[in-house]
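What follows is a pair of complexes built around subunit A, which joins subunit B in one and subunit C in the other.
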Partner chain A sequence: MNKKPFLLKTTLFILLFIIIGLPFIPLVLSSLSFGWQWPHILPESFSFRAWEYVLFGSSGTWQAVWMSLLIAFTVTAVNILLAIPAAIALVRHQLRAKWLWEAILFAPIVIPPFVAVMGIHLTFLRLGLTETIWGVVLAHISPTLPYVVRAIIISYSTLSVDWENQARMLGAGPVSRFYYVVLPHLLPGIAAGASLSVLISLSQYLITFIIGSGQVVTLPILLFPFISGGDPAVASAYSLLFAGIAIVTLTVMDTALKKYYQNKKTAIEKG
Partner chain B sequence: MWQKSKPYLLLLPAIGTIVLLFFGGLFDGLLKSLGYFPAIGETGFELTAYTELFRSSAFWESLSLTVRVAALSSLISAVMGAAIAVSLFMLNESAKSRNTQLWHRMFQLPLTIPHLVGGYIIVLLFMQSGFMSKIFANFGWIGEIQEFPVLVNDPFGWGIILTYAWKEAPFVSLMIYPVLSRIHRSWRDVSRVYGAGNWSFIREIVLPAILPAWTIAAFIVFVFTFSAFEVPFLLGVTYPSMLPVYSYQLYTSGTLADRPEALAVNIVLAALTILLGLVVYYFSKRWNVMKGWD
Partner chain C sequence: MSDLRIINLEKQYSQTPKKKNPAFSLKPVDLTINEGEFFSLLGPSGCGKTTLLKLVAGLVQPDAGEIWIGDANITAVPPEARRFAMVFQQSLLFPHMTVEDNVGFGLKMQKIGKKQRLAQARDMLVHVGLDGFGSRFPDQLSGGQQQRVALARALVSNPRVLLMDEPFSALDPGLREEMRDLLSRIHKEFRFTVLFVTHDREEAFHLSDRIGVMSEGRLLQVGKAKDIYEQPESKKVARFLGLKNIIEGNVANGRFASMDQAIEFPVGESIKSGASYMVLRPEMLKAAHRHDLQSPDSLYLRGTIQQLRFNHGFYTATVQVEGHQLESHFSNQEAEGMAVGQEILLVVELDAIHLTSE
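Up next is the complex of A and B:
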């Protein structure tokens, strides 16, 4: 039709390929390789050896996947429960020293959380929390909670007070106001916060390592020895699995939210 | 009474958790870095860990490496991120297609990749016998493995910089894009009326509009890279190491005597990030980055 969009699209496609596509090619090839000498661009021979080892050969893989997801979702559930009331207080209420509360809540975004974890390590040791899932869950809260609070605050501040007032005028109590008016509006924010929380928790290495002392084996803990000088094929397969699990988890959460809204929409249209 | 204390009660669970787990940990670390550790009978305060630290050249080299890596990572990811955001914006303007959503998703892919995996991707791409080197060899640009520059586990930190540039560029574009999407279509039309082409539209209107968000995004990347552990641990060298890795090396070196020093590194790191964080906060409030204009 006209030339400009086409040119732009082509440039964009090349940019996309270089930035997103190219880096994954060696990862995929390496996971399928059986010997890959320099300077061959493709491996000499292919095999599923590494994938067989990762998916079926070592029992540790699925345990680590399960452990990672268990920790990530527990952390996220706790975060949501803590973050919703905090967001309501920060958005809807007049607070004295509001800046102070915000500074406290958002501090772990700026100050690296491993500093706090290293500091609290020996205390956790004395309380018997090291080497336990609960200890790791507690350690994962401070790097993730601020993002959940922030996402819900952003979502909440787009909800006009009028809606809540209208519900109040129609006789809705605080509980049904929250459940029928506020919560549906907050859902995208909660979902965004939850996705971030899951993602951050999934990719923690140092914090899990310090508190878990190598006994709580999540995917990053399992992965590290392989990528720092182990078998490249197995390391690549593990990396792809790890990245895949992160992406699949996020996509599932996103789709679930969209589905929820679609159901709502059709319900309203029908009703 | 209830009405007055209600908001504070709503805040209490979240604040309590952060104070206990996070600030408690910071305080715990601070006390131990000062040599106060009742469990092993140390109840005095002393600054030896800090004076030792400031006297060691390892610390200063580590600090300068950290600043250099953080600065270069944020600069490169800022340029790449702006390029991505502006091209997505122009595409959206010209095509208005549904595909743009898909493009967005694709560009955000590096954000969802865990850091360790991102680091390993850079290892496979840029190590001396890596994919890039193989491509170069096939084009005849290099003849030997050794001719490919050492970009991974190098003392300069290129591997770390490349990883963060790749991973954080989508973050920068994510920060800029909402600002771009507020540039009304009419502005484009007006600029056309006055004879502005694509390039001068970008220079005169788009760039000034995104500048605040852009600067803040780059700064956030800086602070983040400054205190990151996983990638430097994987892609760095043992000496000099970036501050978080240096602290970890001291912490796990085996002797209890080094632990106060490791915790002192952490406290210095925390102090520096607080300072940087305050700078970001000040400018983002002043430029009203998060709110924009209507």
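Up next is the complex of A and C:
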């Protein structure tokens, strides 16, 4: 009886490994290689040169990592502040041209960012926002906001109006209703949207490059020149570092959320 | 005095093209519910009783009319400031809060300190028979228990009016009866004003001091359970109350005659002439013996038994009288010796026949 799920599990695991794990192996090898040329299957000699350069050299990696994270989290915070009222308006209120509002909000998913950024760049130049962190943060909002709005809308539309009415009948004003009834229900949606927003912001190259004009240095900005020809070993090392940072960030966010729920539960049980 | 007065309250819903809901309107409703009274709105689904309840709650804005409580006009007061409480069809307990916190929520909104809040919540939980359940989460309770918590949560902040929107309709029949008894007991104890909405006749009859029968957005009749049952003002009310033997006819020259002239009897002076309906309550029809003296104060109907069914505790007979099928209740004793196909003479006192209009 237990055999079938076990078999299925192993097959799935192997499949997942091939799809996700396998590509990392040449990446690891490449980052440790010293001149890895055709037709050798494995590098001829190994060296930590690339890693030394990335982690300890004067490459500015850590500043870039901090800059990436700072931008990603600022973008996400702004997104959440914007997306909650947007979701409330779209779900709860009878808007006149709802489809139009939704189309505008979700347009950045469909339209290539490059198209939008060219226009944004011109405007930002006039406003003096280029080459600044704030400019980059604002530009990052366009590709990330749709995902956050979408996640929160889905969360919110599963909350029947009756809950808010019930809270209302118990004497809860708009703020209390939001804080005690709506927000706890939206939290999983907010968490999902926030993870997406962080990930997408972290991996932005083009927008950061154009708006930041090379002055706002994030990890992708450092990574790209190496990929497009420079040094494959360094590029591999950066790629691994980038993947590592993304995974660590997501894990930390996930644990924080779980911890929050646990604390809440134990606090209630104790109190 | 803080009676709840509803003055010409009116609401019109226009037809929404998207949802294809037909236009619905609540005709002006005028109603006074006394302090401490248990008042039920009874009607089929879609008759506007829930709309009326939501208007009273303030969750829906009326087109016209006013709501007063005591000598304060609260029509423009938002629901959260009305100090009403409401129990919905679903218990709607906040899932991330314990039972105690759920019950104490209303008090928390009134900025009452935690200690007092919890004490009052626990006290109210005892009243609904859930002593010791305070630290559980709603998903650890059964449906009936959840509804009890919802009731406790509504009552704990001592509302001026308790509104209930078919609160037991999601429960199974046994549990429903149990909840009914509980509510009845608590109402007697605390004497709060209740406006209760239901489509269940039995529930309304069991609980209410007075009942308002609604149909198609109109409040048809208001009265004590016995009064509306024995003297329904219209055919619609009689139908909805489950009254069976409703026969169309005419009143002329002080006599009622059914359309086919098969049933005829004298009526009092006070009944005005014109189209009319007679309502014969099944329990008022008795079997008469052929050789009994025929009293002038009674109506005799000769018919054939078409069906005889045992109901819990009594028999229900369907008797064909000319073109009419009449339903009649017989006790076990009376039903002894009766058989399908047999001729039977039914008797009913003229006083027990109720005449009503369309």
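In this section, the second predicted complex is superposed on the first by the 248 of 271 C-alpha atoms of A that agree within 3 Å, B and C clash if a C-alpha of one lies under 4 Å from a C-alpha of the other, contacts with A are read in each partner's own complex, and residues count from 1 in each chain.
Basically, a residue touches a chain if its C-beta (ideal position, glycine included) is under 8 Å from a C-beta of that chain, and two chains touch if they have at least 3 such contacts.
Source: prediction; values computed, not measured.
Put subunit B and subunit C onto subunit A via the superposition and say whether they clash or fit.
Subunit B and subunit C fit side by side in the superposed model.
May I ask you to name which of subunit B and subunit C touches more residues of subunit A?
It is B that touches the greater number of subunit A residues.
Go through the superposed model and pick first if A:23 touches only subunit B, second if only subunit C, both, or neither.
First partner only.
Under the stated touch criterion, which partner chain does A:63 make contact with: subunit B (first), subunit C (second), both, or neither?
The answer is neither, since A:63 touches no partner chain.
A:158 in the overlay: touching subunit B, subunit C, both, or neither? Say first, second, both or neither.
Once the two structures are laid over each other on A, A:158 reaches no partner at all.
Quick one: angle from subunit B through subunit A to subunit C, Cα centres, nearest 10°?
Spelled out: centre of subunit A as vertex, angle of 90 degrees.
Of the two partner chains, subunit B (first) and subunit C (second), which one does A:89 touch, if any: first, second, both, or neither?
Only subunit B is touched by A:89; subunit C is not.
Is A:118 touching the first partner subunit B, the second partner subunit C, both, or neither of them?
First partner only, subunit B.
Now for A:262: first (subunit B), second (subunit C), both, or neither, which partner does it touch?
It touches nothing on subunit B or subunit C.
Of the partners subunit B and subunit C, which touch A:184 in the superposed model: first, second, both, neither?
second
Could you look at A:15 and tell me whether it touches subunit B, subunit C, both or neither (first, second, both, neither)?
After superposition on chain A, A:15 lies in contact with subunit B alone.
Quick one: smallest Cα-Cα gap between subunit B and subunit C in the superposed arrangement, Å?
11
Where on subunit A do the contacts from subunit B and from subunit C line up?
Residues common to the subunit A contacts of subunit C and of subunit B do not exist here, since the sets are disjoint.
Quick one: which bits of subunit B touch subunit A in the complex? Just the residue numbers, please.
For subunit B paired with subunit A, touching residues are 6-8, 10-11, 13-15, 17-19, 21-30, 32, 39, 80, 83-84, 87-88, 90-91, 94-95, 103, 106-107, 109-110, 112-117, 119-125, 129-131, 133-135, 137-138, 145, 166, 169, 223, 227-230, 233-234, 244, 247-248, 251, 262-263, 266-267, 269-270, 273-274, 276-277, 280.
Which of the residues in subunit A end up touching subunit C in this complex?
Listed in rising order, the residues of subunit A that touch subunit C are 162-163, 165-173, 176, 180-181, 184, 264, 268-269.
Touching residues of subunit C toward subunit A in the complex: what are they?
Answer in residue numbers: 57, 59, 78-81, 83-86, 88, 90, 92, 94, 96-98, 101, 105-106, 109-110, 135, 153-154, 157, 163.
Across the complex, what residues on subunit A touch subunit B?
That would be residues 4-5, 8-9, 11-12, 15-16, 19-20, 22-27, 30, 38-41, 81-83, 85-86, 88-90, 92-95, 101, 104-105, 107-120, 122-123, 126, 138-139, 141-142, 145-146, 149, 199, 202-203, 205-206, 220, 223-224, 227-228, 232, 235-236, 239, 242-243, 246-247, 250 of subunit A.
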